[in-house]
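Quick heads-up: structures coming right below.
Shared chain: chain A. Partners: chain B in the first complex, chain C in the second.
On to the complex of A and B.
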């Protein structure tokens, strides 16, 4: 676990050396928004920036992805046989993602890569991607990462953490992948104890700017009583049941699988789905267990803030990035919901 | 516009205390700058939750659909026109409603202001008669209010409610505009190839989150065509054909009904100017049928009725 300095004047040297071994993605301008896109030179990076509009998740889990293809042509010897759609897994670096996004990736790992199920595409992309995070010296007013077990300089899920100093970045390697990357990289210089000290001060200062929401009581709440709490009626009123919060969320992992057939060939496609949509839970019989908006709104918050905690003994499944707070068209603020849930009085115990 | 707040609360308190309505639907002050939250109040002691400012661009008619209770509803010009449309389309009854009319000064365009701030984060936004004063860590920026109104508000000619039971203030002067459709005409002047490229460009960031559709009071179908699964009309991916089909067909479903309230555009998390599509159809309906949606409570929209003298020149 080494630390080096990348002088801002040498950022292009650093990038050029990365590009010889990796595809480099980073926060770049796309219209009014900042999104993860290819980075060829330092000037492509949209720095300084607060956060990307969409999270890192599409880098590992694209919104729409062909999983399999098949032929329905009876003349074809392979007709009806489903074959995996070939994919490429180049070595990639994501440069400059925020630590909350990396933390979120580790929360999604629980679903996509666990002893029971391994999503092959998620796993392969995770293996071939190196994450170089950029610590947040100036968290947004909607950020609440330190309340969610993350932080502006959280190292979880990152291979390298960058801290911006006045003329340079302090790059701290956190994993063997990070060690290897920094060893091969050009444009780096040895870090001094003074650099480390400055970085530590920046980190402490940034952490102090963040609000503290209490989540400690969530795990001991009685799940059914929380589920039946009356405040959901109030929370859900404004909701229009769009999928903006879930699609922008770095920890929402739900998807739908669809077959699309055209003439004599078909594709099996996986698309992001959202628990906000009635179709998400519509049964083949026509019955819908979450037929009402209040059930869907409750599901999103209960999943993140109660079910995940109960099931995995970890979480919550929120990193406090504030994207949903910024993007909800009707200002449903998860920070308020967290407080409502945490403060709600239930009898002890997580079981009904 | 802040002086409206007290008046809205007074009216709501009176309506609830006198049992004239069961609930009042309005806005609550937002938790972040330039946002507000639609809210429902059912007890007189809760009316102080109600608020009004330059960020109430969501259309509250969307919250009336198929309700069966007696509702006090806060309505600016466009909301009131959607209430009319809702009444015509049997989504609510006039006698259920007590319409608290708000003469509107136009809503400010959050996404454009955020874009102009270029990553600087606003922590407080104060709007006065001419300016929008935005402050954040270490900066203060001023924007001309008229310039940074939502685009639909800048071209609005019905700021005063067209139907109401009570107004919170004197009516405002309506805007006199030379050409409300300059943006549409610019696109109409493009060649087919340019148009295709333009639509592809504006729709490229679409996530299919349906915030535009769900914020729209016109979109109340029990099952939207994009959600039909037996049979399924439309692919679910972000394939450009499916994205285009969703946006174009949705716009057509709003033809002759859309009041250009701008809720769709305001709701979009990726800044797609979806109103350009509906506005083109508004212009056509106005040209062909001389019809403005939501102005008269007993006239069905022109594409909802057949008349022998309907214009047919566009059928080739």
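On to the complex of A and C.
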């Protein structure tokens, strides 16, 4: 795996060469927020930035997506038959996403692309997208990535990792996709050992600024004992089930499927959904297995921090990006919940 | 790569109104493309998404048995948007079926055992599939005694009445049909709730497995009765209902602890359920 230098003065040359082979997306300003959008020139990039408001997941799994289409015109021989609709999968580069988001994509891969079933749209977009991450020299106060198996310069899920040096970016290729991209790119120069040394120092310094939460005990806790813990009552007390956490979360993948009809044709679409909403689990009979707010709040945290770990022997399904901490209108903080779960002992004092 | 969200097109071949309240109808579907029928290989206990363009999809247990070929049968209770629309559809109409989905009753592993089937109300659908499968001549000899306890509110609310009557006549299956109350003076079977009849008939737990499917209240009171006669959490098999969308363990909706009911279930042993959150 190779490393090259992209001088800041040559960033537009680099971008121009990318644009000949890829659609380029990156963090751009949208109103007061930063979001992934088309990048044509270096000035479009909202640099420096901390993180995008919404995570990378919409690049692979849009908030609303047309799945199929159909005709409802009785005159039509195919009326009522649900059909695939053509979709385009251009080669894309996401330039400048944060390493935590790339790590999150790999956690969602386990769900979307499993041995038994593959989500065709997720898989196609993953195949045709190259991820160029930008390491975080200055993590935010809400970041806790190093506690969750990621880090400000984590390479998981990335094809190329950029480290910002004073006048340049050090670009380290991490996969064959990354090799190919850097080989074709213009505006690059050979990296020197001094560049690598500076990058390593920046990485170490950034990692040291991050808080360390203990998550080691989550794996060995008994799932049902955690489920039945009394602290969920306190955790859920202020929650208003707004669902902001689930929409911003890079590892929340739940969706709904709905049909929308206009005149004599219709679409089957899928939309992000949230376990925070009572309708999420409401049966046709009126029975609702997660009727109470405490059950829904518990579901979100247990799924990320216990069920995922137990199901896949991996995780937790949180990368410490801190978006939910920043956005929660009632200051529910997943870091506190992690500690509650990690330190939980049953009142009997047995191994919990 | 096939798209697992795309239904197979089917035509409604027959509609049978099953119950006196007309809320339960059995739909018989034939595939528009014969190749799709070949691809749709299923086992008793599995379900499928019935898919109606413009309305949506509903997860419904497959009531036909893999030993019956050329069609699929589903018995559907009229409850919401999609089921109400389906109840108003006609023979010849085209819609979709997506599946088969989920796991199944582990009948291959249960060969050599006695099978006790306990069902209530309109949850009898995949149990019908199971009974038809077990009674198939080449399958019947692989199993021991077969006992069925099936109850509905009234005689008119029983599903598959003709088949029940035919099974009553057979010597290779012990049928215990019951109703909560009989308003029909000619009613010649049991009267009483399913748990009470189960206790009365006390099927032996010796080398036996119980397959239980019914409303939550029936399950709640049947479980202790089965345990009293010697069934253990490992020999009680149940099927769960959940709100579902994708049916393939991806959309997250039916998550229960480490399991997705649509993909890892809907069939679980009581031993497995005892280690999962009771959020169903």
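Heads up, the rule we're going with is that the second predicted complex is superposed on the first by the 345 of 352 C-alpha atoms of A that agree within 3 Å, B and C clash if a C-alpha of one lies under 4 Å from a C-alpha of the other, contacts with A are read in each partner's own complex, and residues count from 1 in each chain.
The rule is simple: a contact is a pair of C-beta atoms (placed from the backbone, for glycine too) under 8 Å apart; a residue touches a chain by one contact, two chains touch by 3 or more.
Every value quoted in this text rests on a predicted model; they were computed, and no experiment measured them.
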{"item": "Side-by-side fit of chain B and chain C on chain A, or clash", "value": "fit"}
{"item": "Touching partner for A:97 - first (chain B), second (chain C), both, neither", "value": "neither"}
{"item": "Chain B versus chain C as contact partner of A:237, first or second or both or neither", "value": "first"}
{"item": "Which superposed partner A:333 touches (first chain B, second chain C, both, neither)", "value": "first"}
{"item": "Touched partner set for A:321, first chain B, second chain C, both or neither", "value": "neither"}
{"item": "Contacts of A:259 with chain B and chain C, given as first, second, both or neither", "value": "second"}
{"item": "Touching partner for A:282 - first (chain B), second (chain C), both, neither", "value": "both"}
{"item": "Which superposed partner A:67 touches (first chain B, second chain C, both, neither)", "value": "second"}
{"item": "Vertex chain A, arms to chain B and chain C (CA centres, degrees, nearest 10)", "value": "90"}
{"item": "Touching partner for A:247 - first (chain B), second (chain C), both, neither", "value": "first"}
{"item": "Overlay on chain A, chain C to chain B nearest C-alpha distance, Å", "value": "6"}
{"item": "Overlap of chain C and chain B interfaces on chain A (superposed complexes)", "value": "256, 258, 282"}
{"item": "Contact footprint of chain A on chain C as seen in their complex", "value": "1, 3-7, 9, 32, 51-58, 79-80, 83, 93-96, 216, 241-243, 245-246, 248-253, 255, 257-259, 263, 275-277, 279-280"}
{"item": "Residues of chain A that touch chain B when the two form their complex", "value": "30-34, 46, 48-50, 53-54, 63-64, 138, 140-142, 237-238, 240-244, 246-248, 256, 258, 260, 269, 271-272, 274, 277-279, 282, 325-327, 329-333, 335-336"}
{"item": "Chain A to chain C touching residues, read off their complex", "value": "67-68, 70, 72, 79-84, 111-112, 114, 116-120, 123, 223-224, 227, 253-259, 261, 266, 268, 270, 273, 275, 280-285, 287, 289-290, 295, 299, 302-303, 307, 310-311"}
{"item": "Partner chain A, residues of chain B touching it in the complex", "value": "30-32, 35-40, 58, 62-63, 111, 114-115, 119, 121, 123, 137, 205, 207-211, 213-215, 227, 229, 235-239, 263, 266-271"}
